[in-house]
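Both of the next two complexes hold subunit A, though its partner changes from subunit B to subunit C.
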Partner chain A sequence: MRVLEPWLREPLADLVRESAARVVLVMTASGQVIAQHGFTRSLDVMAAAALGAGILATTAELADLIAPGDDFGAVVHQGGAQGVWLAGFDTPRGRWVTLVVFGRESSVGLVRMFFDRFASGVRRLAPAPTATPELLAEGFERELDDSLRALFGTG
Partner chain B sequence: MARIDQDARTLRATLVLVGPRDAGSSSLLRTVRDRVPADRRPGDPARAGATADPLLDWLPIDLGTITGWRVRVDCYAVSSRTSYDTTRRLLLQEADGLMLVLDSQAGRLEDNLAALRAVQEQLLDRDGRVRDLPQVCCYTKQDLPEELILQPAALDATLNPRGAPSFAVRAVAGENVLESLHALVTLVMRRLVAANGNSA
Partner chain C sequence: MSADRWSALLAEVTGIAGVRAAVVVAAEDGLVVHEAAMDELPTDDLAALASSVVRRAGELLAALGNDRLRLCTLVAERGTVVAAQGAQGLWLVALADPDTELGRLRLQLGDLAPEFA
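And now, the complex of A and B:
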């Protein structure tokens, strides 16, 4: 299990244990990975995060087209041996997305129940974002320009 | 939309190449791919031996560590086919900067204008306002015979009313391709830095 911020470890561990999830990925709505469990290769994580965020964004657009105002909170794909649960939820840090892969030892209902608990835990534990973002360092543009010249060979 | 992670000190921005069909956005992105070393293209699908998707090409570029921040841009070239309108709309909603890839041929002026109108329409937010994004204009096919093309000044007069930086591009030869990307990255990052309260 890997988490970007330590406070996430406990609610994520609860979700994995209680729902018998095989794989869990927590990301921002734009696909930036925040925590993961069960992945073995970093490339898998990146691809899953991009696809998961994309699927949920597309579903939200579709929902807006066919049922404006209605909330399509989760997407479930049920395969023969494994299922995928994909759902978004609001946190003090903005909207996050969770992808859960589960096997026959679990079920959609079980995942839904413990996902709701996980989302509540995150909302309760997440530190509020800092009111003013930390300033980027002075000289950023100058260093950026140097880096671009070196990388692109531009004069 | 740019992703700024204060804790991990990473900054990631999305650049979208748009323009009329066959104006050369895919060739332009291919030229960038050819000239940026593989180790600076983390996750590039073409790096793993896959053929670039001609309908939605994606090129991630690691710009290195700038004043302690890991900076990366994701460049997308999306097909101008009508069937890709939704994809283009979604990408434009996420975009931090636009590279307008416009065909220099005199006979394609109307196509350029139609493409620009479509982009404006797709940049409308839910309140009906056009998102104001940093942009550069790339006038492609400047290597064609003079009698077939318009010169950059004439193209600017018609296609670039807001006076964005413009470049006469010969995509295959690679002329002005990386220069235009350099300019766009600078504009995008300048805006992001300003939005984060820096005076740099």
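And now, the complex of A and C:
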């Protein structure tokens, strides 16, 4: 498990343990990775984050077409051996997205239930957002390297 | 079966004194298919947890070489959960207070569960 911010470790560990999730990815609505469990290659996690954020943005547009102002909340894909739960939730840091891959040892109902608790935990534990200074080019690169190191243990 | 019929069957369960909720659950995904419950009772959570227990208990019985699980009863200090197997992967689950007539509840669930399909 890798997290960008230490306070996120406990609620994420609870989600992984209680829902028996195989893979969990927490990201911003724009696809920036905040925490991950179960990925071994940085390329996979970046692709999954981009695709997950894209799917949720697409379904949000679809929901808006069908019922303006409404939201689907969560998207579930179920395959034979494993399923994917994808849902957004509001935090003090803005809207975040969580992707959970689960197998037959879990279920949509369990993932939904423990995702709700995870989202509540994040809302409760998240520190208030601080004003971020404008990023210079060299600062941005260093921040990116630090984030990658935190998420994958490499740089 | 119509939704009215499902509601009528669930009302027979919640009509037993002490029963706080009756929920039809899809065991495979742990989601509520139909429900009758007291206000503010988290039936979604009940369905998810009950389906998990039922699936694990089924796996345990299978590992022991026994028949399929048909009825599952969990008794705790503050309440009882009874789940009876219906058709097509559905389970009829009831949540009851500790002083509920457990024998009657089990019989009722066993009789009604096969009708949910």
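What we mean here is this: the second predicted complex is superposed on the first by the 130 of 155 C-alpha atoms of A that agree within 3 Å, B and C clash if a C-alpha of one lies under 4 Å from a C-alpha of the other, contacts with A are read in each partner's own complex, and residues count from 1 in each chain.
The rule we apply is simple: a contact is a pair of C-beta atoms (placed from the backbone, for glycine too) under 8 Å apart; a residue touches a chain by one contact, two chains touch by 3 or more.
Nothing here was measured: the structure is a model prediction, and the numbers come from that model.
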item	value
Subunit B versus subunit C as contact partner of A:S107, first or second or both or neither	second
Subunit B versus subunit C as contact partner of A:S147, first or second or both or neither	first
Which superposed partner A:Q78 touches (first subunit B, second subunit C, both, neither)	second
First, second, both or neither for A:A67, with subunit B first and subunit C second	neither
In the superposition, subunit B vs subunit C on subunit A residues touched	B
Subunit B versus subunit C as contact partner of A:A57, first or second or both or neither	first
Partner chain in contact with A:M1 - subunit B first, subunit C second, else both or neither	neither
Touch list for subunit A against partner subunit B, complex	4-5, 28, 30, 32, 43, 46, 57-58, 61, 130, 132-145, 147-149, 151-154
Residues of subunit C that touch subunit A when the two form their complex	25, 28-32, 44-45, 47-49, 51-52, 55
Of subunit A, residues touching subunit C in the complex	78, 106-110, 112-113
Contact set on subunit B toward subunit A in their complex	1, 3-8, 11-12, 35-36, 40, 43, 61, 63-64, 66-69, 71, 86, 90, 94, 178-179, 181-182, 185-186, 189-190, 193, 196-200
